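Going in written order, the chains are labelled A, B and C, and every chain counts its residues from 1.
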Amino acid sequence: MNIFIDYILIPIIKIFIVITFVFVAVLILIWIERRFQGFVQSRLGPNRVGPQGILQSVADALKLLTKEDVVPHQVDKFIFNLSPVIAFVTALVVFAFIPFGTEFAIFGKKISLYLADLNVGLLFIIGFNSIGVFGIILGGWAAKSKYPLLGSLRSASQMISYEVALIMSLVSVLFFTHSLSLVEIVKAQQEMKVWFGFIQPVALFIFFVAGVAESNRLPFDLPEAESELVGGFHTEYSGMKFAFYFVAEFAHVLFFSALVTILFFGGWLRPFPNVNWLSFLDYIPPVFWFLGKLAFFVFLFMWMRATWPRYRYDQLEMISWKWLIPLALANIFITGFIVILVK
Amino acid sequence: MTKTYLEHTKEIIMNMGPQHPSTHGVLRIKLWLDGETVVKSEPIIGYLHRGIEKLAEYRTYTQFMPITDRLDYVSAASNNLAWVQAVEKLMGIEVPRRADFIRVIITELMRIANHLVWLGTQANDIGAVTVLLYCFREREEILDIFEMFCGARLTLNAFRIGGLANDIPPGFKEKVKNFIERFPKYIDDYERLLSENRIWLQRTKNVGIITAEEAIDLGLSGPSLRASGVKWDIRKSNPYAVYDELEFDIPTGEVGDVYDRYKVRIEEMRQSVRIIKQALEMMPEGEIRAKVPRIIKPPPGEVYHSIEAPKGELGFYIVSDGSTMPYRVKIRAPSFVNLQALSKMIEGHLVADIVAIIGSIDIVLGEVDR
Amino acid sequence: MIKKILQKIFLIDLIKGLLVTLKYFFLGKITVQYPEEKLKLQPRFRGLLRLYKDEQGNDLCIACGQCIRACPDSLISIYSERGPDKKLRPVTWTFNLSRCMFCGLCVEACPTNAIRFSHEYELAVYDKKKLYIHKKDMYLDENTRKYFKES
């Protein structure tokens, strides 16, 4: 009985909760992004469907579900159907490893707020993210026409360059934690009483920029720049397959914000743990601290989208190879040096 | 003996079709690409041809005026001004001063409106989406002023041969003054968003360069010519209406790239505000229409008159044979001539630069195709 | 010089842009929620063309034909007859709305101010025949005010 509850029932419930959380969060994110962009542009966003327009994303999802699935006749059918699935599945799977908070007890059972905690969790997550790139490349390749081909090639080169920068900026964080497991990283921040964002600002900056580039958001959204290539790699997709790509992009935004909070901003820890007169903040469950920080970074993503123009793709590559990667390397050396000196 | 596996590479011919989100209208460009670099390009026009020059031969001079509105539909009052002044030159009519001042105010407001549309669409093509909405918000206020003056917002039909149709309504002066007092702050906002932004600078500096000699050879005019360093403005060299009594500067650029054209147009907006302020103060009382016969029959002859439209030099060449309808009208549209420079500017650049360059020449397909 | 380097490192130019958009996030919005709210039109607004009557209820139109000659596209057609008081009155007055430019030349040409612009702009119809407006619908009274709204 115990085995049943421990190893089958609770994980299934957690899976459902995580998937629901991601879907609902993506729907709400789409609504928030449109309202936020509208407010910044001196106009109201969608506010007719449902109270204050919350059901607008639901209406969009229903519309995409009932749309005709137009498949051009020259495509490679297997790959054409496979690529949105790849992008979508990899974007969802990585949420299995993200810890939302500390353990809490229900009915005498200790339940941890993550689905799985591998020792090499971080490596696994980044690896899965790289597989997601295949979804984009194959999507443009399968629709055998020039515009999607150009878009997918650009996106492939962009994602490869920024993954190198992403991983290098993580190495400097690992000097302090001696573990790749995400839960251990947060616990290390708790022991050191300082968040890694404050002692590794360069790594934070590089990671954030690389995260924006990986999720194809402005100012790095050339693969799907509407005004230049009509649609980039998803020109030939319509209906639910397009919805998969769309959800995958927003899931990426959520995912990178979550990674930034866990790695650099303490995950579920509350700020100022040493200050005693702020101890009333302890009564707020750690989940809400995590979600609050997540919301702040998502807001930052959207703010950047509303304001800045986009880079041309060769300038994109130059930023990564000429500035971010050397900076990350220098950061690794200096951090290692300082750690050895201190110890 | 080594074998070469790569025998030869071929350029792909790509079509940036008539339906595209950022060619401003139905413009089709055929590109010969080597990877992502443009080797050769050929613009193909004619998708919006409406036969306006032929229509003119079957309408009287007054009846043709609302049709000139639809040439450059973004800045409609300039086309009206060019036509009206060409006919008055042919007939030798002298317009009263009050009418001239009001014409100048309307034309300069139209120039600001045109540059706002240009800025919004160019920023939108390069990726900054909020600037589009801000520019259109300001344009709404200008269009409200036009609605107060003549009843329509876009296709104005504002002037008549010999002066104006109606005098300005009460409250017009205060509204215009209110607008031009608030407007320079909005231009500062756009500059804060774009002018020093490193992404914008990287996208627009040294892109689409055209030197002064090439510009004069190709027949460019307007802000594109001034950005290459040539100080040529028809308002200063052949003044019409009351421009010789007003004080304003002509901004010029140095290099002739997209960034210089952007700077020149932003500065032109500020100079337009200056002109409107002076015209509002200097406006005399008086009549608004000269004594013109009911039926307009110019003497036989021909005339060419051009003005500094927001996009360049807009000219009308009218041949009259003495009847109420013109014998032949030829329109020298600035966008048509400026478009010829596109092939020269795109050479050697990437596909992503094409949109930036098309936006900076500021074309409107209504003028190109007529 | 140092200021420039510091500006480049700390992305000051990018942050200035961010602050501009944040400022507009808190300022007022200019959306007009149509159809609950409508924009206020200026007095000279060029809406739909209408014929007008004088205080006694007689037609102001004397069927002189100036508006037909002024229109660039010849959209008006009138058939007139002399009435018992020896004055020309129009019997049929047809106006083709599907091609009108709203240029206003007919309004200027009319000597008795019979044809004027009203303030109606919601002109969509389902049936193209309704765009050829005949005399009895050109007047602005209770019969015609619902003409366009209900179709």
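As a working rule, a contact is a pair of C-beta atoms (placed from the backbone, for glycine too) under 8 Å apart; a residue touches a chain by one contact, two chains touch by 3 or more.
Remember, predicted model here, so these are calculated numbers, not experimental data.
K.L.:
From the Cα centroids, identify the chain that ends up most central relative to all protein Cα atoms.
P.N.:
Taking the mean of all protein C-alpha atoms as reference, the closest chain is B.
K.L.:
More contacting C-beta pairs: A-C or A-B?
P.N.:
Pair with the higher count of C-beta contacts: A-B.
K.L.:
Would you mind pulling out the distance in Å between where the CA atoms of chain B average out and where those of chain C do?
P.N.:
Roughly 26 Å, centre to centre.
K.L.:
List the centre-to-centre spacing of chain A and chain B in whole Å, with centres computed as mean CA coordinates.
P.N.:
So the centre of chain A lies 45 Å away from the centre of chain B.
K.L.:
Could you state the distance in Å from the CA-based centre of chain A to that of chain C?
P.N.:
Between these chains, centre-to-centre, one finds 51 Å.
K.L.:
Where in chain B do residues touch at least two different other chains?
P.N.:
If we look for residues of chain B contacting two or more partner chains, we find 130, 134, 137, 193-194, 197, 199.
K.L.:
Enumerate the residues of chain C that touch no fewer than two other chains.
P.N.:
Within chain C, residues 14, 17, 20-21, 24, 30 contact more than one other chain.
K.L.:
I need the residues of chain A touching at least two other chains; which ones are they?
P.N.:
Within chain A, residues 40-43, 306-308 contact more than one other chain.
K.L.:
Which of the residues in chain C come into contact with chain B in the complex?
P.N.:
The touching residues are 8, 11, 13-14, 16-17, 20-21, 24, 30, 41-46, 70-72, 101-105, 108, 117.
K.L.:
Taking the touch rule as given, give the residues of chain A at its contact with chain B in the complex, in rising order.
P.N.:
Within the complex, chain A touches chain B at residues 37, 40-43, 146, 150, 218-219, 221-222, 225-230, 306-315.
K.L.:
For a test of understanding, state which residues of chain C touch chain A in their complex under the given definition.
P.N.:
Its residues touching chain A are 14, 17-18, 20-22, 24-25, 27-31, 33.
K.L.:
Taking the touch rule as given, give the residues of chain B at its contact with chain C in the complex, in rising order.
P.N.:
Those residues of chain B that touch chain C are 59, 62-67, 130, 134, 137, 140, 144, 147-152, 155, 157, 165-166, 169, 189, 192-194, 196-199.
K.L.:
Given the complex with chain A, which residues does chain B contribute to the contact?
P.N.:
12, 14, 20-22, 36, 123-130, 133-134, 137, 193-194, 197, 199-200, 202-203, 350-353, 355
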